[in-house]
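What follows is chain A paired twice: with chain B in the first complex and chain C in the second.
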Partner chain A sequence: MQTGPIDFAKHVRLSEAILFGALSPQKYDPNRMVLLYFALATVSVAGKVTALAEEKVRGIIEWIYAQQVPEAEGGGFRSTHTMGGVGLEEGHATMTQCALLSLIICGDDLARVDKKAVATHLRKVQAENGCFRSLSYGESDVRMMYSACVTCHLLDLWDSIDKEAAIQYLVSCQSYDGGFGWHPGSEGHGGNTFCCLASLALLGALDRVDTARAEKFLVMRATAHGFNGRPNKDADTCYTYWVGTSLALLQRHKGAEGFVPVDAGLLGFVAECQDAAKGGIAKDQATGTDLLHTALSLMGLRNLQLVDSCPPLDLRLGCLAEAVPV
Partner chain B sequence: MEDDSDYDEDVDTDFDPSEWEDVEPVPQHDSENPVVAIAYTDYFVEVHSYLRAVIKSGEMSSRVYRLTKAVIECNPANYTAWKHRRDVLIAIKGDIIAELAAIAEMLVMYPKNFQIWHHRRELLTHHKHHADELLVVNKTLSKDAKNYHAWAHRRWAVVTFDLIDGEEEYAKQLIDDDFRNNSAWNYLFFLIETRDLGLNPQARTRDVDVEEHISVRKREIERALQYLKFSPSNESVHNIIIGHLLPKAHREAVFKALAPTVAASLLPFDDKAQVWTKATLAEIYTTALKYGMDASDLPLDGASFKDKINSLYASLCDLDGIRKKYWMSLLIPEPAP
Partner chain C sequence: MHDRKREILTDVQKKQMDQKIAVYKGLCGECTELRRRCDFSDGAEKKVEKLLMVNPEFYTMWNYKKETLLHRVEHDRPLVLGSGCVEGVGATREMVTWKWVERELAFNAQVIEKRDIKSYCTWHHRKWLLEKIGDAAVLSQQLRTEKALAEQLLDAEDRNFHCWGYRAWVVAQLRNLGLYTDGDEMAHARKRIEANFSNYSAYHARAKILGALPKEAGAARVEKVKEEVELVKNAFYTEPTDQSGWMYATWLANLTGSAEPVSAVLEAARELHDDDPTLKWPLLASTLDPKCNKTELLEQLCAQDKNRAGYYRDAMGGCVGNYA
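And then the complex of A and B:
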């Protein structure tokens, strides 16, 4: 296993601690399902899911299903139990996406997902302009669009949404610099560019946008030491995933799979942002580590084939391609 | 997922348990196998127990409004609590202007919190009081001039409340503060397309003839070129130039009208900013070739498009090694024999 200077073992230990042992601060409660996904993604990209104890994995699966929201309350999955059971907690687009991906990583076949309820959730959260909200009353932007597209793909629920309206919204988000913002008129941004390109890939509509200009925007994110997310901003390890995976997606779309057009010194940059003692990866050397940067750095390195720690990920989804139930 | 900086786990609020003696709290029910276990403080558990109780009972009152504040202060990302706060405020016909002022205070602490910005937008659909919105954005941008949420809010406020006059001055000021502020350049581009070209479907669209398009794009490119003098390697400015030279609307007409002078204007920068100048010129020449323009219309020194483009990309391979493979992929190949 080619891992270079990346200490996978320490990152896995940190993820396991957060999954099963350590208590996380309560500020993470509304994003608990996302944290779960990042922890599992880290273990998965390190190739270590099968090393987790079976009853612990079953426990994760049960906990996730306990967050499933009945159709009468809106369908989909919630983040945590805190506001659950009082009839106000709808499913959230990103929590639904993270729940499904987490189940897949744990080897679940999604048979207990109430697809009809998730379809209701998707209909509730698609906005008139074709984009998606987090919840029926929540904010709308391309992050939620991406969450909805992943959900549609995993459960084959494309008939629940207006695909053409979604595609047109995505097209309108491409900025003058080739990158994508989270709304039309928003600044081209690495994270939003991934959300748009991956959504378009899932929708089968990458040719509806200017992929050559998108590639230029992404390529220009490279510094000698990591990717940044916007012009004239500093490098941040999470763009290893957002920018790196976007580039990989575009290369595959061109039929140039595996070709990486830039050398941003990513292995070295990510390695330097590791916490050598406790594990985990930070956005840069001046900041503390967190699971988001840990998971995204490692998945980004894998998608750019700079590490060889696990079988290939599905570039559009953020999990092992082989784990996705057919 | 932009996270907020650390904050106090328990904040002094006006939550008074004695006010709630008549309410049966609804306890938390985590499953038997909690994963990613959270360290809930007793205070957190207590205030959430009462919030669950009043959501269940449907009580809409000023004590519930104050309770949502306690919950939100435990967790500014709790979107359910924010939603309930809105519902209660409207049900009790509370003071929306006072609420907006109080929330502006929270934005100082959590300037990248999605729920707070969204809360403002939702409230303002009920009460069209917009006078403070730009001030709130100004305050946030004065601390972080690239705050993505703040700029998005500004675009929304300017279009929703028709506040576009005076915005060019603001954008220009932020650019003058920092020529490399990509957010400010992006905002200026948005303003020009919205105000001068009527291209924004969220605002008033109108038909502007192609001559006017060319004239506006020319003016903006000239503005950008002025800034290039002070920061010739500035990616933001190069992107703006290409953005106005190759717009979505009237793309070919604008390009053909302006490309020759723009290319000529870029040549002097090749000395100081080789990578960016060559990259932008190569993009211009490639597009000119695609549009079937005459090589003699552009400053190619008698070279063919293909030779000039390939020579530029070959130079870029040397000058910009981290992108060598990308530049090589743009070389125009020899036709197959």
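And then the complex of A and C:
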């Protein structure tokens, strides 16, 4: 296994400690389902899911299904059990996405997902302008658009949403420089560019935008030491995923395989941002590590074929291609 | 999840951290229960505000605040002011709503200014509050205040996209009221650029307006673009290694189809290249010249902009469009 200077074993140990320690019950974290996904994604991209104890994995699967919201309360999945209870919190677009991806990583076939309830949730959170909100009175931007598209893809719920409105919204988010912003008219940004391109790929509508210009914006994110998210900003390891995967997606869309025409010294940059003692990866060398940067750095490196730690990921989804139930 | 300093905690610090976490968990439990019981009292609100100051990402609590406000308005509950005088006796629902919104905006501003300037749900709550204001005069006044708040925050962090995004939403509302023009927008962006010639977010704001100029404006449009190129040239000469100005300028050059803006950019590129042939961006900009030897320039770029050598080789092979 080609891993170079990336200490996968340490990142897996940290993720396991969080999965079976800090992320277990009694934590009031409104983003808990997202953190669960990042921890599982780290173990998965290291090729180590099958090494997890079976009953622990089953425990995670049961816990995720316990966050499923009944149709009468809005459908979808909420972040954590402490947010639940009658009328307390409805399903959240990003928690739904992360729940489904987490189930897949754990080897579940999604058979117990109440698709009708999720469809209700999607209809509730799609805005008139085609974009998606997090909750029925939450904020809307392309991050939740992406969450909704992943959900539609995994459960084949495209008929529950207005696809054309979603596509038009995405098209209107492309800025003059080729990057995509979080709202129409917003500045191009690496993270939002991924959300838009991956959404368009899932919608089968990449041809509706200027992919050459998008590629140029992304290529310009390379510094000698990592990708940044916008012109004249510092490099941050999470863009290894947002920018790197976007570039890989566009290569795939052009019919090219593998070769990504930019070198941002990523292996070295990510390696330096690892915490040698505790494991985990940070956004840069001065900051503490977190699960988001750990998972995204590793998945980004895999998508750019700079490490060979697991079978290929589905570039649009953020999980092993082979794990997605047919 | 971003921006915690990397540090190793001492035992004393770990204990303090554990205590903080215990207090936080207790508060979460209390507030969750209060909401479950639909408690919209002042006492409940104090606890929720305490919690939001610790964790503004707890979106459920912002939603609880929304429900609280709606409940107060629904029950026509006036906001009692300090001296015992009951504001709102005989007041309209709009006035009652406004008093609660005003109070909520003040709390929300504290969270943004003191706790987290980058919390999506905190900024979203502000928009939700403004949408509750029924009185047109009150709304336009408050929108102006909001614009000033966003600009004050941009003074400190001139690329913060939450502030730019919020300001863009606010001025769109002002536009709808006939209280904001393209001229105002260009002036604000110009102010930012003059403070920092690398402010790509400010160029973006100007790009939106210039890009929307109708083609029928003809020569006037070309003039505006030429003036803009002159403005951006300040960026090239101040910091030729910063890509911000170049990315904007190469788009500007091609915007109208007229040769003049292109020549202006090429002239600057040539001058800077003569001064220092290793600079990447003047080389890239030079590919805009229809008479240039593209292959030669791209070869030079492969050498000077090594990170993107693969991209330039793709361009030489003709499978990359629009790379300048």
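Basically, the second predicted complex is superposed on the first by the 319 of 326 C-alpha atoms of A that agree within 3 Å, B and C clash if a C-alpha of one lies under 4 Å from a C-alpha of the other, contacts with A are read in each partner's own complex, and residues count from 1 in each chain.
Operating definition for what follows: a residue touches a chain if its C-beta (ideal position, glycine included) is under 8 Å from a C-beta of that chain, and two chains touch if they have at least 3 such contacts.
These numbers were taken from a predicted model, which means no experiment stands behind them.
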{"item": "Side-by-side fit of chain B and chain C on chain A, or clash", "value": "clash"}
{"item": "Which of chain B and chain C A:Asp275 touches, first, second, both or neither", "value": "second"}
{"item": "Partner chain(s) touched by A:Leu19 [first = chain B, second = chain C, both, neither]", "value": "first"}
{"item": "Touching partner for A:Gly138 - first (chain B), second (chain C), both, neither", "value": "both"}
{"item": "Which of chain B and chain C A:Glu62 touches, first, second, both or neither", "value": "first"}
{"item": "Which of chain B and chain C A:Leu36 touches, first, second, both or neither", "value": "first"}
{"item": "Which superposed partner A:Thr287 touches (first chain B, second chain C, both, neither)", "value": "second"}
{"item": "Touching both chain B and chain C, residues of chain A", "value": "26, 28, 30-31, 82-83, 85, 88-89, 134-135, 137-139, 175-177, 181-183, 185-189, 215-216, 219-220, 222-224, 230-233, 259-265, 290, 292"}
{"item": "Parts of chain A lying in touch with chain B, wherever the complex brings them together", "value": "18-20, 22-32, 34-36, 39, 59-60, 62-63, 66, 80-89, 92, 134-135, 137-139, 175-177, 181-189, 215-216, 219-220, 222-224, 230-233, 259-265, 290, 292"}
{"item": "Of chain A, residues touching chain C in the complex", "value": "26, 28, 30-31, 82-83, 85, 88-89, 134-135, 137-139, 141, 175-177, 181-183, 185-189, 210, 212-213, 215-216, 219-220, 222-224, 230-233, 254, 259-265, 275, 282-283, 285-293"}
{"item": "Complex contacts: residues of chain B adjacent to chain A", "value": "1, 3-4, 6-7, 9, 26, 28-41, 44, 48, 51-52, 55-56, 74-81, 83-84, 114-115, 117-118, 122, 146, 148, 151-152, 155, 180-183, 186, 189-190, 193-194, 200-202, 234-236, 239-240, 242-244, 247, 283, 321-326, 329"}
{"item": "List of chain C residues in touch with chain A within their complex", "value": "1-7, 24-25, 28-29, 32, 35-36, 55, 57-60, 63, 66, 120-121, 123-124, 128, 159, 161, 164-165, 168, 198, 200-201, 204, 207-208, 211, 242-244, 247-248, 251, 306-311, 313-314, 319-323"}
